[in-house]
Each structure stands twice: as structure tokens, then as C-alpha cells.
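You will see two complexes here that share chain A, one where it goes with chain B and one where it goes with chain C.
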Partner chain A sequence: MENIISVKDVTFFYPGEETATLKNVSLDVYKGEWLSIVGHNGSGKSTLAKLLNGLLLPHEGTVNVSDYVTSREDDIWEIRRQVGMVFQNPDNQFVGTSVKDDIAFGLENFGVPRDEMIKRINESVQRVGMEAFLDQEPHQLSGGQKQRVAIAGILAQKPSVIVLDEATSMLDPIGRIEVMETVRELNQNEGITVISITHDLEEALSADRVVVMKMGEKAAEGVPDAIFQQRDLLKSAGLDLPFSLKLSEALRRQGVELDRGYLTQEELVDALWKLA
Partner chain B sequence: MLQNVIIGQYYPASSPLHRMDSRSKLIAAFFYLFIVFLANNWITYGLLIAFTAVTISASKVPVRYLYKGLKPILILVVFTMLLHVFLTKEGDVLYKAGWLEIYEGGVIQGIFIAMRLLLLVLMTSLLTLTTTPIDITDGLEHLLGPLKKWKLPVHEFALMMSISLRFIPTLLQETEKIMKAQMARGADFTSGPIKERAKAFVPLLVPLFISSFKRAEELALAMEARGYRGGEGRTRLRALEWHNRDTFAIVLLILLTLSLFLLRS
Partner chain C sequence: MEISIKQLEHRYMQGTPFERRALHDVNLDIPHETFLALIGHTGSGKSTLIQHLNGLLKPSAGSIRMGETILEAGGKKQDLKPLRKKAGIVFQYPEHQLFEETVEKDIMFGPRNFGMSEEEAKKTASRVIEMVGLPQTVLSKSPFDLSGGQMRRVAIAGVLAMKPEVLILDEPTAGLDPAGRVEIMELFYDLHQKNKLTTVLVTHSMEDASKYADEIAVMHKGELYLHGKPREIFNERKALQEAGLDVPETVQFLLKWNEKSGQHLSLSNFTIEELAKSLGQALKKRGS
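Moving on to the complex of A and B:
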């Protein structure tokens, strides 16, 4: 598969800190996939996210986005156009005074002509289902709606990758579903690569691939099925197992004959009603 | 409750004055500040009053709304007027009681000064009543644009303004939240002597201050992630359009200035 982002042997220190936040991390992101990076607070997952679009630069190693390198100053703007980022707090990334102005912010920065801008705003606001809110002000929107506006702002830049840095952790369940559905459609229908940084393993269940971060190192990498069978590893990384997995484990301890831990509710139910 | 606070004093309506370009309104208001001082007799003041009255009626802002904005300044107007009435010693004596003497010139001077102040305040409040804060910011950025040559951070200033405007409701919401949280723990913001009440605001302001800094830091990061790199090479979505009515307004103002020059004594 074709790489869109490759992280090679990256080490990163925050100024004034003794230990490295990231130690020798290597990672490939494939074109069009949904990659989840999971880890506890302080595992270095958010730092890793900020390295992907050059918000932070590695002390050792390189980060490449297609043919561009984040450490090359001339490449950085193209990288930021290609790798859009949705942050945790919906309010603190809303720059414009209205939905329209906010989506325009990125386009204005990249010097897109006004006519083209209007076209792209209208198009991207439809793709996230916010066309009825174009003139609304941020304080009139819910958290989920603000995050969808942030996504529209990125879409207008015609990105190839969207990084969600804990983008749903401050939202209510409805907002969370709204945002995840929007991103899933973009991933499936338009082939936009999604990198979702999260500590919520439920969210990682539906990813194509999962990377587990622990103490600044990559602890595991693989398809969700394989990762979630390594319960000890996940526990030592400070992560809470998904509910269906915990339940199947508990049932097994009670003597119910399940042959493995089931990841989703559906799989578990299927296995349960087939029991003799 | 705090959400009902109106930002600035914009009066939403669709009048010719509302539809004017913010640049022409800014130029006109600024220009007006100077020509008011040209008036020095009844005819010229009459002319200014007529012009201001026409502008007010064109703005469709209710007079009662205007009066509300004028109220705080009225004391100042009356005070300056009285000062002139008592202290200017010109012309015939109109009234004399003991050491107190009121001259004709003083009364006239007092009325003129009061009118001058009122006209100034009326015109400048018309600007903010008919233009949204964000439009004023845009207009200022355009008008001050040439100053960029002398390294004046015009773009940065305008961006700062628009971000502040955008965050006012957000910070108000947050203030309300912190207030409720402190009230739930027994804080009292509404009673007691003024000193106590001022003290009660400290536990409100400190968290607000800290969170604003945190917001600023995150916002800066988000802006950078979206390719912000200063005003250079930036295009803009908000466009200002100069119409005939804007030219007309400026021409009208020039005509007014010329008549003031001709009619002043």
C-alpha cells in the first residue's frame, strides 16, 4: 500500500524536560486508511499528532507527508494544507465570527481568490451537513456542530489527511456520533485518510489499524482484532477495554464457553445465542 | 442572563445608512469631527443641526434609542454649558445678583458649546449604531492599509479586534458558568458593601484570566495548523463595496464644509 505519511525514528523533547516525550517512533500511514492512535495521557500521542503537520519538529528523525518533509521550511505550508487537524476544544479553534468566516479562514491564509473561496465554502459546508448554519455565530452552535465546521474548514482546503486530535472527547454522545459519522463518510466515500488520536478504545474499534502508544514509545501496531486480544498490553498502557470485551471476559470467568473475547456488541450477541 | 448583553450598540435595521460602506461612514464621521468646529454663528449651527437631523432620519434609528445613548453625556453637556454661562464675560450684562454676573455672550457661547458636543456625540454614535463592530474593523483595516508601509501592524490589529469580538460571547458564557460554580459554593456577588462585592469578584476573575490564556494558546496553535502566517499574501472573504450612495454622502459632506466656510463669521 502507498504511504501518505511516514514517520522515521522520531525523537522529541519538550524544552526543559529531561525525558523524551517520543522515543524513536516510526510509523507508516497508508493512503485512504483509518488509523487510530491510542494511549493514556502523557503517552505522547498528541505530540505525535502535532509532528504530523509540522506544528512541532522532531529533534531526531524525519516526518514525510507524500513528497514533502516537515523540517523543510518551504514545504510546511503545503503540508498544513494537506494534513488538516481538528483539535479537542471546539471553541478554541473557531477563529471566524460566523460559520462562513471560519471556514474561509484557512482559504484566506492560502491566498485562494474570493470567487473560488465562496464556491468551496458552499461545497464543503454541504459535505458536513451544516449548510443551514452558514451565518450563525459560534456561540449559537453545539460542540458537535462546531467540530463539523472545523472539518468543513479543513475540507475546503482540499486535504488528503484529517487528523482528529481527541476531537470528540469534549462532546456529548450525540455530538460524538455526528462528528464520527461525518468523518466516516469522508473516509469511505472520498478516500480521505483519517488519523484519529484518542484514549477511547471504543472509538478505535472501527479503525482499519490501531497503534498503541505507551510512555513515548510505540507499544503495538496492528488490526483492531489483533490488538484487542493483547489485554495485558492495553492495561499496562493505561487503557480501558471496550465494554463487550470486558463482558466476554467476565462471562468466560463465570464458565460461559466463549472461544475468545468479542470486540463488538453484535459479535458477542451472535456468539451468545449460538451457545448450546 | 449575561447572554442578553448587546455587544457594542449596533441597532439592526435596513436603512440607507446601514447599507453604506463602512469606509465611507468612517471617513464621514472622522471628517465631521473637524467641521463641527467651523460653526461659530446661528446659521452655521443651524446648518449642522439640519444635516445631523437628516442623517438621523435616514438611519431609521429610533430617537428614544439615540437618547438612551446620549444620557450619560448629558451631564457633561450641561456642566460645560453652565461653565461658559458663568465664566464668559462678553457682551451686555443680562442678570446681576451680588457677585454673580451673567453676560449675553456667555449664554450664547454656552449654547454653542453644548450644541457642538451634542452634535459630535450624535454623529459618532450613529456610526456605531448603524455599523456592526466587525464591519468597522474591516473598514479600519482597509483605510489604514497604506500605513503598513511604515511597518504599522494594521492587519494584526484588525485580526486581534475580530478575534476579541468573536470571543466576547464565549467568555460571557464562561463567566456565567464560573459565577454559578462559585455561587454553588457560597460566594455572594450581589450583596454587601461595594468593597466586599469587589473582593467577591477576585475568585471569578482569576479562573477566567487563566482560561483565557489557555484559550489563546490553543487558538494560536489551531490558526497555525490552518496555515496562518501573517497578513502577507492573504486573500479575504469579506469584501467591502463602494456604491454611489457612498460617493454621494462624501460629496454632500464636502458641500456642507464649503457652506460652513462661506457662512461662518
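Moving on to the complex of A and C:
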């Protein structure tokens, strides 16, 4: 599979800190995949995210985005255009006074001509389903809508990767679903690579691959099926088990003879039905 | 402390073209020592409601009785200090409100403001830091050198230092990892029981609401939409979905099973163990 991002032997310190926030982390991100990065608070996952588009630079090692390197100053704008970030707090990333202005802001920074700008703004709001809100002010939008505008701002730059840094953790359940469905469509229909830093295990379950971070190191990497069967690993990384796995275990304790732990409710209902 | 809310209405920016009614005709009694979960979609009015509970917002109509204190629309200006001492609010992301040079000073700030002596405030800081599960050595550190999870505990310690009788928690676990979430909720539940507090928890987590709450109040469009015991509330899946909410995962699973099997199982509580037990028994019955 083709790499879109390669992180090689990266070590990172915050100024004044004695211990490294990231220790010798290597990671390949494949083109078009949905990669979830999970881990406890302080495991280094958000720091890792900020290294991916050069908001932070590694002290050792390299971060490559296709043919570009984050440590090369001439490459940084192209990297930031290709790798868009959506952060946690919807209120901290709205810069314009209307949806339209907010998306235009990013394009102005890249010197996109006006006609082209208008075209891209209209396209990108449609792709996140916010076309009815073009002239709305930020305070009239819900958290989920603000995050969708942030995503539209990224789309207008024609990115190849979207990084979600706990982008749904401050949203209510409906806002969360709104944002995740928007991103899922972009991933599936347009082939945009998604890297999602999350505490939401149900979300990680539907990823193509999962990376587990623990104390600044990469503790595991693999498909959800393999990762979520490793209960000790998850526990030690401050994570919980997904609901259906916990229920599978509890059912076994009740003497129900399940052949394995199931990851989704549908699979588990079917397995129980066959036992009955 | 008993809380009694009567015909509460709140209008933001009253008398201006931007006037907006955020609460309407809310009637809610919260008996002493109740653990109440307050749930609702964003913009449903839950944050507006809890800001009335320590006088940060004043009713546009109706009244709130908090123990001895009555807050009512058009009421005379009163000294709210006694109320604010008794009703502690842990806001969302409380660590953003830390500001002092050391953790100890930050925790002492509230008590000192309410007239506690320096010496006593120090003792209090040392007591509450233990309550939130941090070592004494943290007291001399700058709050900004701590991890996010530790900072949140310090912020919570600052609220506990006031010895509140009512604890109002606005999504206290937002942004924490799953292990941290359980720890913080267990901490509050333990305090609630040991100190016989009245607790109001604003949450998006139906799991937390079902696990800890004696009662659940659901807000929708500025009104009190449902109120009852968890098992009553979680019987109302349609109504919850209309309010942009849903039942806990255990109930979702049970409904899927009932649909598939044609059985009519129900739960007496909403833990995974209870669900497993009830499914286990149902399977045995069918097998025999």
C-alpha cells in the first residue's frame, strides 16, 4: 500500500521538560485509510498529530508527507495545505464573522483568486451539508455545525489528509454523529485519508487500523479486531473495552458458551441467537 | 440541601431585540441527598438551569429555593455569598480556570475569599488534595506543570475546599480518557455518599446517568421534558430520541435482542452484568 505520511524514529520534547513526550515513534499512514490513534491522556497522541503537519517539529527523526518533509521550511505550506487539522474546541477555530468568511480566510492565506475562491467555498460547504448557512454567524451554529465548517475550510484547500484531534469530544451525541458521518463520506467517496485521535472506542472500532499510544511510545498497531482483543494492553493504556466485548465477557461469566468476544452489537446478537 | 425550582423562566438579553427565551416553566424538586442527572441536547437549557443554582443567573420569572435562600424574579438584591459557599459548581474544563502560582494557593483562593484564615486554608488544601487522589508534593508545584488530568483534579479540589452541600457538575469528565473518566465519576459518587451531598450532574453519557443517578431530568427546548427514576426514563426511547438523546447501550442491546428473539426481557438496572444475567437466564430457559 502507498504511504501518504511516514513518521520515522521521531523523538519530541516540550521546552523545559526532561522526559520526552514522544520516544522513537515510527508510523506509516496509508493513502485513503481511516487510522484511529487511541491512548491515555498524556500518551503523546495530540503531540503526534501536531507533528504531522509541522505545527511541531521533531527533535530527532523525520516526518514526511508524500514527497515533502516537515523540517524543510520550503515544504511547510504545501504540507499544511495537504494535511488539514480539526481541533477539539469548536469555538477556538472559527476565525471569520460568517461561515463564508471563515472558509475564505484559509484560501486568502494561500492566495487563491476571488472567482476560484467563491467556487471552492460553494463546493466545500455542500460537501459538509452546510450550504444553507453560508451567511450565518458562528454564534448561531451548534458545535457540530462549527466543526463541519472547520472541515469545509480544510476541504476548500483540496487536502489529501484530514487529522481530527478529538474533534468530537466536546460535542453532544447528535453533533458527534453529524461530524463523523461527514468525515466518513469524505473518506469513502473521495478517498481522503483520515487520522482520528480519539477516546471514543466505538469510533476506533470502525477504523481500518488502530494505533495505541502509551507513555509517549507506540504500544501497538493493527486492525481493530486484533487490537481490541488485547484487554491487558488496553487497560494499561488507560482505555476501556468496547461495550460488546465487555458484554461478551460478562455473558461467559454467566455460563453462556460464546466462542469468542464480539466487537459489535449486531454480531453478538447473532451469535446469541445461534446459541438459543 | 433541598432544591425547589418553581415556574422558572429565563430570558437572555431581556428587553433587547436579541431577547431569547432559554427556559420556560421549569418545575423541579430535588430532595436532599439526591443524585440527579440532568441530560439534554446542546441548547436544551441545562447549562442555563444550573447557572441559576448558585445565583450566576437570575430568574426572569419564577423562583428557586436552595435550602434557606430564595432566588426569585424581581426579588431584592441579596448577598449571595452564603449560597455560593454551599453550592459548588465544577464547570466544563475547570482546569482552564486555574491561575495561581502554586496548587496550594489556587486551592486556598476560594476559602480565603470567604474569610478563612491562612492557616486553616492551608490545612484545607492539604485535606482536599488527598480527597482528589493527588500526593501532598503537588501542593508546591505550579498548576501549569501538571498533566491535564491532574489539573482537573486540582480544580475540583478548589471547589471541594469550600465544603459544598450541593455539588453541581457540568460534564466533569469531558475530554478525559476512559480510565480517567471512571476515576473522576467514582470520586464524585464517593463524596456524594460520604458527605451526604445533593448532586446535580450534567452529562451526555447515558451510561453515567444510569449508573449513578437516583433521578434523571431531561431538558428539551428550554422545558423540563421528562423527570423520573432511570428505569422510567429509559423506558421512553421514542421520547428520548425526539429530544436528540438515546437509551444506554445495555438497553439498545436488549431491544435488539428482543426484536430478534421475540422475547420481552427487561432490566432492573442498566449494568452490563445485569444484562448478561438476564440474557443468560433467557437462553437457559429456551434451551431446556
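Keep this in mind: the second predicted complex is superposed on the first by the 275 of 276 C-alpha atoms of A that agree within 3 Å, B and C clash if a C-alpha of one lies under 4 Å from a C-alpha of the other, contacts with A are read in each partner's own complex, and residues count from 1 in each chain.
As a working rule, a residue touches a chain if its C-beta (ideal position, glycine included) is under 8 Å from a C-beta of that chain, and two chains touch if they have at least 3 such contacts.
Model, not experiment: these values are computed from the prediction.
Student: Have a look at chain B and chain C on chain A after the superposition and call it: clash or fit.
Tutor: By the criteria stated at the top, chain C and chain B clash after superposition.
Student: Determine, under the contact definition given at the top, whether A:Ile118 touches first (chain B), second (chain C), both, or neither.
Tutor: A:Ile118 sits against chain B, while chain C stays out of touch.
Student: Scan A:Asn3 for contacts with chain B and chain C and give back first, second, both or neither.
Tutor: After superposing on A, A:Asn3 lies clear of both chain B and chain C.
Student: With the two complexes superposed on chain A, say which partner A:Val269 touches: chain B (first), chain C (second), both, or neither.
Tutor: second
Student: Which holds for A:His199: it touches chain B only (first), chain C only (second), both, or neither?
Tutor: After superposing on A, A:His199 lies in contact with chain C but is clear of chain B.
Student: Quick check on the superposed pair: does A:Gln126 touch chain B, chain C, both, or neither? Answer first, second, both or neither.
Tutor: After superposition on chain A, A:Gln126 lies in contact with neither partner.
Student: Touching A:Arg80, do we find chain B (first), chain C (second), both, or neither?
Tutor: first
Student: If we overlay the two complexes on their shared chain A, which of chain B and chain C does A:Gly143 touch? Say first, second, both or neither.
Tutor: second
Student: Hey, which residues of chain C end up touching chain A in the complex?
Tutor: Contact set of chain C toward chain A: 41-43, 147-149, 174-180, 182, 204, 244-246, 249-250, 252-253, 256-257, 260-261, 272-273, 275-277, 279-280, 283, 286-287.
Student: List the residues on chain B that touch chain A in their complex, please.
Tutor: Against chain A, chain B makes touches at 3, 134, 162-163, 165-166, 169-170, 173, 214-215, 218-219, 221-229, 233-239.
Student: Of all residues in chain A, which touch chain B in the complex?
Tutor: Touching chain B: residues 50, 53, 55, 77, 80-81, 84-85, 87, 89, 91-97, 100-101, 104-114, 117-118, 121, 137-139, 153-154, 157 of chain A.
Student: Which stretch or stretches of chain A touch chain C in the complex?
Tutor: My answer: residues 39-42, 88, 142-143, 166, 169-175, 199, 201, 235, 238-240, 243-244, 246-247, 250-251, 253-256, 265-266, 268-270, 272-273, 275-276.
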